[in-house]
Each structure stands twice: as structure tokens, then as C-alpha cells.
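Next come two complexes, and both contain subunit A; in the first it sits with subunit B, in the second with subunit C.
Entry: the complex of A and B
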């Protein structure tokens, strides 16, 4: 009863201050960006500049035909997409809108100099010089990379390019049997795929950003001293704050997910995750805040923790880069669990395992925070 | 006059040093830069990850390592379990007939399965030369897109920290009602404002230098960096003042700063990802122009004329914001 009345009182105070409205504005801005700015399909293909250094017109013609027929199968755009950030060329955007995501742009240039200039102007461009070696009577294809590509990537590119050509030779052996564990694995549209990161940072971790500020505000205004002479226990006082964060997170999270992915989200599962992750975030925020006596002092640590947790989004967007240190971050399974709630066939086991784990960790953190605040809150 | 301005600055700095806030705000962004620097070589260098049984032929494992990262696991079951994890990793299990089973989860990035298949193909056909000569060369450009865009982002993003100091100082003053005391002190209002703003002006410049050094950009034109960082510092300072005078409680101030991350992110990521024809939608943002300048500097392609033009735009936008807000800032300072 005391908890409910404290919660309602805190809620009234929160509604009177700017804070909750700022969170709602933030959610509306995110919705606007996702709905009106981010395209459904984001191609991160690269631009390939090709110079045909062949005098014989017939060979040139053969090569041109070869290029136009085999372009997307010969070189896979993902090699470069995985380089991370690559500028989207206008043509690539058009390609992505034409339901053919990831199609690369191939441009023919007249000289090696023009190819190099083009590559210098756009550092996300790859070059290729095709010539004819009279001695070996073979076509020679030289891939010109920028220079930052790793050795593994270069080898992979070579293998990737050689494989379809080697397959045409007599004596070619292919004893590879492909087993796909989930044939129906779903790939989310770009804007829906962005949601887990935004939902985690803005709605799930809302308490991590702000809950300590609440406590310090009460402390500085003397509210906490007044509370010590009431029957209210510290646990109820802290739980009431956690409740406000939970409500804010659920409101902003639900707004965002229902506006951007109403046909994707399994709302029940999503709600369970929001509750679990929000509790974890608030408990962590409380615990970190308990080591400081002013908001100013605690903010540095809180922001640092948030930045570290946000690093998991790098592996979320580039699954091939998932070192153990990132997989150990709590935000890593959180992102993938939220993504599961947006898939047609979510992995219920994964969702509820992590929901349970973070509720448990949240409870432990909350208990620790309560123990800390018992000693320090009235000081 | 200068003494009075510095007195205000020093008082804020002393107060910040007492609760370790100033060292923290100085060091925290640099920690982030160090963290980022550690990250950069790993991100993007590995395109494929593969798990295979411990019993796999060592020469085969070594061969695959030339193309990607290899994990050795106990048996097929362990490999299947690992493939089902959330990251992109393929399983390769040698078969009794000399072939290989390639295990994919099904949700990997488009094209990566074909990459692993091509590696297996080249292993299985060591004597077959492709009918064309393949060669790879490079332009000698070692700066990866991630290092470039990440550094630019860090330099622009760090401007918030300077603004944060100004904002927190002001909110603190308002909370303890010390602002009113300024009205009866010998200091002029604008001197007080300048004194308060000084840390917000200096910090982003220091941060910009430090981030560039940490990220290894020692060859860039540091005078250009200083000029651009000053412009970023102006934005940062105005942000600090606007938020600081609007909020009388820290909670609102913290939330307001959080909301400011959005235009910064939108400007930087927009500048990186939006095609040229869509770039004008970001022209309103001073962070966009700051990003453009920093990017040119990092690429060592910055012309002074462009730097001045971008700075002029930033100062014009900042002046406009200040003109629109100055009454409110004045009122806030009195409150």
C-alpha cells in the first residue's frame, strides 16, 4: 500500500516536471526518423570502377559481356559491406529500392589514372583493371583495393573471384554439402532491424540514464530526510523510483515499436523483455549512483557504462565481429532478444531465458543498491 | 575585467576539481577514444568465422585461417550449437568420403555462405588454376572507413562534454540560488557569462586534439583542428547555456542533454550515409558542418577556404540560436 501511494505521488511529481515529456519527445523523434528517413532496405554495396586495358576490340567486347552477365555473382558485395561504414551511393539506393538489395554499382572508366582518381575521391570504391597477357594468352584481372583491407579479406576476395571460374574447368571437384539449420530464417527490414538498438538505449536503459538523478534531486531538496521520519522503507522508496522508470520505458518503448513495426512485434514477449531489461537498467543505475554523493560526480561513470554497453550494437550490426568481450556485455543478448520479438517465429526459449536472467541480475543489483543506500542515503 | 572572468572560471574549476568532475570530464572521452582505438583493427577485418572439429586436419584448419577466424570444437553437436548462437559463424565438418559438410544457421549476412563455399572449393581443387590471372594491389590508403568516421564522430560528439560542464555549473547555481547573488556582486553579467563559458570553450579543443592523437592522426593540420574545435566549442557552449538556464533541476538537464544526442547522431550519420542529393536536409545543423570540416582535416584534404566557410555557417547558426534565446538566457540567469 505504502509502495503504491509513494509510486502515485512520484508519478504526479514526474508528470509535473519536464522529464517524462522529454522522454516522450525523444521517442517521437526516433519514430519520425525511422518512419521518414530510414529506408526499408539499406544496401551497403560498394562501387566498382573497371578499366578495360585491352586493345583488341573483340576481347574487350567479350569481357564487357562477361562483366554484365556475371557482375553480382562474381564479386560479393558483403566483403565490403562488412568493412562497416560505407557511403550509400545514389545508384545503390535505387538498386535497394528495386527489391534487389546489395547490387553493386559498376562503372567503366577510360584509364588507370581515372580509376585511381575515382578511388581517391571515394574511399569506399574498389577498382579493377582488366588486361590481356599476350605471353600466357590469358585475361589478367587486377583488383585495386584501397589499402586498409586485411590479409584475410584479400585472400577471401581472390578465392571468391576464382571459384566460379575454376568451377568451369575439367576435373573440378565439389564435395561440399550445405546444411542450413533454419531454412525459414527471417531477415528484418532495415528500419525494423534498427529498433532493438534504439529501444534498448532509449527505453530499456532509461533508468540507467536518469534514476540516479531522481535520488540526488530528493537528496538535495531534503525530501529524503523528511522520508526518514515516515514509515516508508528505503526499499519502497527505491522501488517507487524503479516503477516510474519502468512506466516511462514501457510507454516510450511501446510507442516506438507499435508505430514502426506494428506488424512485426509480438507485443506480449516484447513487454516481458522491456520489464526485465528496464528493471536491470534501473537497478544498475541505482547501484552506480550509490557510490557518489552528487549527480555531477555520478554522471561520468553512468555515461561511460552506457557507452560501453552501447558497444554491443557494433556486433549486432556486424555479426561476424563478435569477440568474447562483446558477447559478455549484458546488452549483447538483450539486443538479440529484442530482435527475436520482431521476428515471425521468435525463439521463445531465448527470449524468456534472458528475460529471467536479467530479472534475476536486476534483483541482485537492486538488493546491493538498497544495502548501499541504507548506509548513505540520509547522509 | 579579465581577472573577474578568470575568477569565475577558476571557481568553477576548483569546485569541479573538488568533486573530481573536471578530471573525469577531461579523461572520460579519452577513455572512450582509447577503447575505440582498440576496437578499430578488429571490426571489419574478419568477414567469416568458422568452427570445425578438433579432429580436423591441421593443414586444413591452417588453410581456412588464411580467410577467416577458426574455432576448434569437440564434435558436430558442439559445432551446430555454436552455429546457432547469435553471431555469424559457419560450421565445417569433414566427411568420411573426403568431402565437407558446411553448416549455416540461415540468417547470416547475404553472400557469406558463398564465401565459405569458395574457400572450400579452392581447398578441394588445389591444382586447378583459374582461367584468368588474378592479382590484388592497393592504393596504399591504410585509413579504414571505421577509423575515419569513428574519429570524426568522436571529435564532434565530445563537444557535448564541454556544454555539459557549463550546463551542470548553471543548474547547480540555480539549485543553490547563488545566481541571485551575482546581481549584487561587483562582476558584470557578461563577465560572469564568459567566465562560466570558458571551460565549455576550452574542453572541446583539448578533446579534439587528444582524440586525434590517440587515434593516430598526428600528421593533420592542428591549426585547422583548433579553428574547427573552437567552432564546435561555440555550439557546445550555447547548448550548455540554453539547457542550463531552462532547467532548474538536474533531472531535466540530464534528459535535455540526452535529447541533444539525437541531432548530433542524425547529423553525423546523415553526413556519412545520406546520398549527396539528400545532404541539404542537414544544412540547418551546426554539427553537420563541423563534421564536414573534421572529415576534410582527417583526410588531409581540408582547404582553409572550406574550413572558414563551414565555420562561418556554424557561427551564423550559433548566433541565430543565441539571438533567439538571449532573452530567455538573461531571464534564466536572473532567476
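Entry: the complex of A and C
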């Protein structure tokens, strides 16, 4: 009863102060950006300028058509039947529309000079000069790079063009074996794929940002002293604040997924994760706040923790970069668990394992925070 | 109702004590005033007794609860009126009191009745943040009565109030005293302490110098004086004469015999004069205390 009364009082105070509206405005901004700014699909690829240094007209036409991303039907299968490049050209077209890194658009230029000029004008461009050796009947490719491309990118370019082009030539036998680890791997649209990071920071970790501010507000107003001379327990006082953070997180999180990914999200799983991660964030915010007597003094530590937790988003967007130090961050499994709730076939085991783990950690942090506040709340 | 022995407290947990070796008792229905200048240790003592500060050394009981094993149930029996107003500025006065009454497990006062008592009923639905300092102070005072406390802690209850309102607050305290409420009053206001208290304790530099009733203190440390205004050769003359001195008693007889007296008042030493005499310190008030 005391907890409910305190929660209702805190809710009233929240609605009459501006912190909760900041959270709601942030959620609305996120929704607006995702709906109106972020495209459905984002490309991280390169533009490729190609100069064909081939005198043999037939070969030149084959290669030119291979490079063409606009219309694979242009390829004359009667003339080049033995080269079977039509399938390859279609694959190239698909690749050019995907979100994968690599070459996304291909443009033919008439000279090496034009290729270099084009690269200087657009630094997201790489160049390729293709030549044909009549004696050996082999194609040769020279890549012209800006200089900052990674080794992986260089390998990718070779893989994307060298092998397929070699396959154009007669007598080529493909011995490549392809194994897929997860046949059911699902790719989310770009704006939905961004949701886990934004939901984690704005809705799950709302308590980490704000709960300490609520406590310090009570301290400044002196009302915390008045409460400590009533039968209300410190645990009930803190739980009420956690409840407000939970409500705020669920409201802003639900608003966001309803607006951006209403048909993607599994609401039940999503709600469980919001509760679990929000409890963790609030308990952590309470514990950090307990070491300080003003909001200003606590800001440095809170900011540092938030920045460190946000580092996990780097590995979320670049799975190839996931060193142990990032995988150990709590936010790392949180991001992927939220992502699971947005997939058609979510991994229920993964979701509920991490939900349970963070509820347990949240409870431990809350108990520590309560112990700290018992000693420090009025001193 | 209160029984504490050898209380000491250091904010820095070293030998720099805010209070040192304080012992006193307050019986049921008594009003005990803790008097002292700024920084003397009044609020620290009250902080320990109300559980706001943890007990460090010494022992004691408040309303039957051991200070070392304090239960939240204690707070059903006590009320605390803070010197600094501490109400929710974003809630109305009525909402403030309505919330606090739900925190107690005992019968509570009607919030509106309390607001009437302190003269805030006409602004009951106004947010406390829009109140003047005096109004907030009255709301804090009213809140301390919400659970009908058996033991009432009052920290500077009339500070910052205009004389009329201060008089009303004093009357409320007197009424509660008559109803049997035990009161611990911490104040620098000797007049208030004199009017309300059964016992007073002088505290200076964290040490309780003496405890006694105001009457005994006046008898022990004060002088019985008479202030007389009379006409002499057509001019008004004023003299203060001690009844303890034989010469001055004789002088008073002469003035009375001359029959030209305009006014004559007996005058006792004030608690403030006695405080200065006992402690060698003045009661300078500082709001930050």
C-alpha cells in the first residue's frame, strides 16, 4: 500500500516535471529519424570506375556486358554461349542492390585519366583497368585504390571480380565449396536493424540516465529527510523510482517499435526484455548515484558508464569486430537479444536466458544500492 | 519517552565531535527544550533521536525503541517538524498531506483540518512551490502532526513566521502539550522555550551544560528586580533595584514613601540572561544551523 502510494506520488511528480517529457521527446525524435531519414536499406559499398583496355571487340563486349548492372538481358547468349555469363551478370546485379559492403555501382570510363579524375572527385570510388592478353587468352585486372581501403576490402574486390571474370574463360572448372552455418539467418531492414541500439539507450537504460536525478531532486528539496521519518522503507522508496523508470521505458519503447516495426516485433518477448534490462539500468543508476551527494558530481561517472556500454553497438553493426572486451559488456548480449525479438523466428532460449541473467544482476545491484542508501541517504 | 546516555557524534568519524557525551531524559507528556546557539549540536542531537543520523557512541531509547536497533514502527509514534521546509513543491498542500497520511499504520488526522489549523485551508489546492517561505514552514509543521504523534520533535517551529502566525503555532503546541503529547523543542528562541517548556537544556559546543526547569534556573541564577518610574522635581526618573540588596531595598522603600510613582514592575532574569551567565555565550541565530 505504501509502495503504491509512493509510486502514484512519484508518477504525479514525474508528470509535473520535465525529465519524463525529455524521454518521450527523444522517442518521438527517434521515430521521426527512423521513419523519414533512414532508408529501408543502407549501402556501405563503393562506386567502381572501370576502363576496358581491350582491343578484341568480342571480349570487350563480353566484359562490358558483365560490368553492366542495368540490364542483364543485354547479354547475347548466342555469341557467348560457351562462356555462360548471363547467370553471373544477374548475380552481379543482385549484389549491386544489396547492403553488403563491396562494389555497389559500376561505371565505364574511356581512359585511365578519366578513371583517376573520377576517383579524385569521389573518394568513395575505386578503379579497375581490365586488359586481355590475346596470346594467353587471359583477362588481367589492375585495381586502382584510394589508399585507405582495408585488406579485407582489397580481398573483397578481388573475390568479387577476379574469380567471376576468370570463370568467363573457356575451360574454367569451379571447385569452390559453399557451406552456410545458419540457413535461417535473417536480414532486417536498415531502420529496424537500428532499433536495438536506440531502444537500449533510450528505453532500457532510461533509469541509468534519470533515476539518480530523481533521487537528487528529492535530496535538494529535503523531502527525502521527511520520508525517512515515516514508516516507509528505503526499499519501497527506491522501488517506486524503479517503477517510474520501468513505466517510462515501456511507454517509450512500445511507442518506438509500434511506429517503426509494428509487424516485426514479438511484443511478449520485447516486454520481458524491456523489464529485465530496465531493472538492470535503474539499479546500476541507483548504485552509482549512491556514491555522490549531487547530480553534478555524479554526472562524470554516469556519462562514462553510458559511453562504455554504448561501445557494444560498434560490434553490433560490425559483427566481424567483436573483441572479448566488448563481448563482456552487458550491453552486447542485450543488443542481440532485442534484435532477436524483431526477427521472424526469434531464438527464444537466447532471449529468456539473457532476460533472466539481467533480472538477477539487477536484483543484486538493487540490493547493493539499498544497502548504500541506508547508510548515506540522509547524511 | 526519551532516555539517552553518553551520546557522541562525529560527522568526520574522528575526534572532532558535533556532540559529546550528552545524556538526558524526557518523561511522558513533558516539553523539553534544547537551547543553544548556531552549531551547538541541537540538530545533530535531534537527528540521532529521529534516526536521521546513525548512533555512533552512547545508547538510548525513544518512544520505547532502542536507538541501536531502530524499527520503522517507531515512526508511527513520532512526528518531526523540520527547521527547513521540505515539502513537495510540485504537489498542492492537500496532495502533500494526503500522500503522507498513507505512509502511516496508525490513525491519522484529516489533511484539511490540519490545513485549517495552520491557516492554509484557503490555499489547500495551490502547489506548495508557489507558497511563501512562511506558508511552506506552516505546511511542514502541519505535516508533522498528520499521524497524531505521541512524541513530537519541533526544530525552530516559529522561525521566519510573522508574530501572529508564530502565536498560532505556539497555541497549537500548547494545546498538544495539554493533550499529553511529549515534545522535544530545539530552538534559539528563549521566550518560546520559557513559555512552552517544563525543562530546558543548555547546549554549547556539543556539550549539554545544564538541565533544569525554567523556574529553578531563574531562582538559582536570576536576580529579583523591580523597575520603578517616578517623578522627582518634576522630571520622570527610571530605576531598576534588586530585592536581594539591602541598600536597594531601602531605596525602593523611600521611593514608595515619596508617593510620586508612575509605574512599578517586578522583573525576573530572562532565560537568555541566564544562558549567557551560565555558558558565557550569546544566542546568535543563524538560519543555516
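Going forward, the second predicted complex is superposed on the first by the 285 of 379 C-alpha atoms of A that agree within 3 Å, B and C clash if a C-alpha of one lies under 4 Å from a C-alpha of the other, contacts with A are read in each partner's own complex, and residues count from 1 in each chain.
Heads up, the rule we're going with is that a contact is a pair of C-beta atoms (placed from the backbone, for glycine too) under 8 Å apart; a residue touches a chain by one contact, two chains touch by 3 or more.
Because the structure is a prediction, the values reported are computed rather than measured.
Participant: Which partner chains sit in contact with A:16 here, subunit B, subunit C, both or neither? Use first/second/both/neither.
Facilitator: second
Participant: Give one of first, second, both or neither to describe whether A:137 is in contact with subunit B, with subunit C, with both, or with none.
Facilitator: After superposing on A, A:137 lies clear of both subunit B and subunit C.
Participant: Name the contact category of A:5: first (subunit B only), second (subunit C only), both, or neither.
Facilitator: In the superposed model, A:5 contacts subunit C only, not subunit B.
Participant: Look at the residues of subunit A and decide whether subunit B or subunit C touches more of them.
Facilitator: Residues of subunit A touched, subunit B against subunit C: more for B.
Participant: Between subunit B (first) and subunit C (second), which, if any, makes contact with A:222: first, second, both or neither?
Facilitator: The answer is second: A:222 touches subunit C but not subunit B.
Participant: Of the two partner chains, subunit B (first) and subunit C (second), which one does A:230 touch, if any: first, second, both, or neither?
Facilitator: The answer is second: A:230 touches subunit C but not subunit B.
Participant: So, does A:147 touch the first partner subunit B, the second partner subunit C, both, or neither?
Facilitator: After superposing on A, A:147 lies in contact with subunit B but is clear of subunit C.
Participant: Once chain A of both complexes is superposed, is A:324 in touch with subunit B (first), subunit C (second), both, or neither?
Facilitator: In the superposed model, A:324 contacts neither subunit B nor subunit C.
Participant: Across the two complexes, find the residues of subunit A that touch subunit B and also touch subunit C.
Facilitator: Shared contact residues on subunit A (touching subunit B in one complex, subunit C in the other): 17.
Participant: Quick check on the complex: what are the subunit A residues that touch subunit B?
Facilitator: By the definition above, subunit A touches subunit B via 17-19, 22-23, 25-26, 29-30, 33, 37, 76-79, 81-90, 93, 101-102, 116, 119-120, 123-124, 133, 136, 138-163, 165-169, 171-187, 209-210, 213-214, 216-217, 220, 294-297, 299-300, 303-304, 307-308, 311, 314-315, 318-323, 327, 332-333, 336.
Participant: Contact residues on subunit B for subunit A in the complex?
Facilitator: Where subunit B meets subunit A, its residues are 16, 19-21, 24-25, 28, 31-32, 35, 39, 42-49, 66-68, 80, 83-84, 86-88, 95, 97-115, 117-122, 124-125, 127-149, 164, 168, 172, 175, 247, 249-252, 254-256, 258-259, 262, 266, 270, 272-277, 299.
Participant: Name, in rising order, each residue of subunit C that touches subunit A in their complex.
Facilitator: 11, 47, 50-54, 72-73, 75-76, 78, 80, 82, 84-91, 95, 99-100, 102-105, 140, 143
Participant: Subunit C touches which residues of subunit A in the complex?
Facilitator: 1-2, 5-6, 9, 12-13, 16-17, 221-223, 225-233, 375, 378-379
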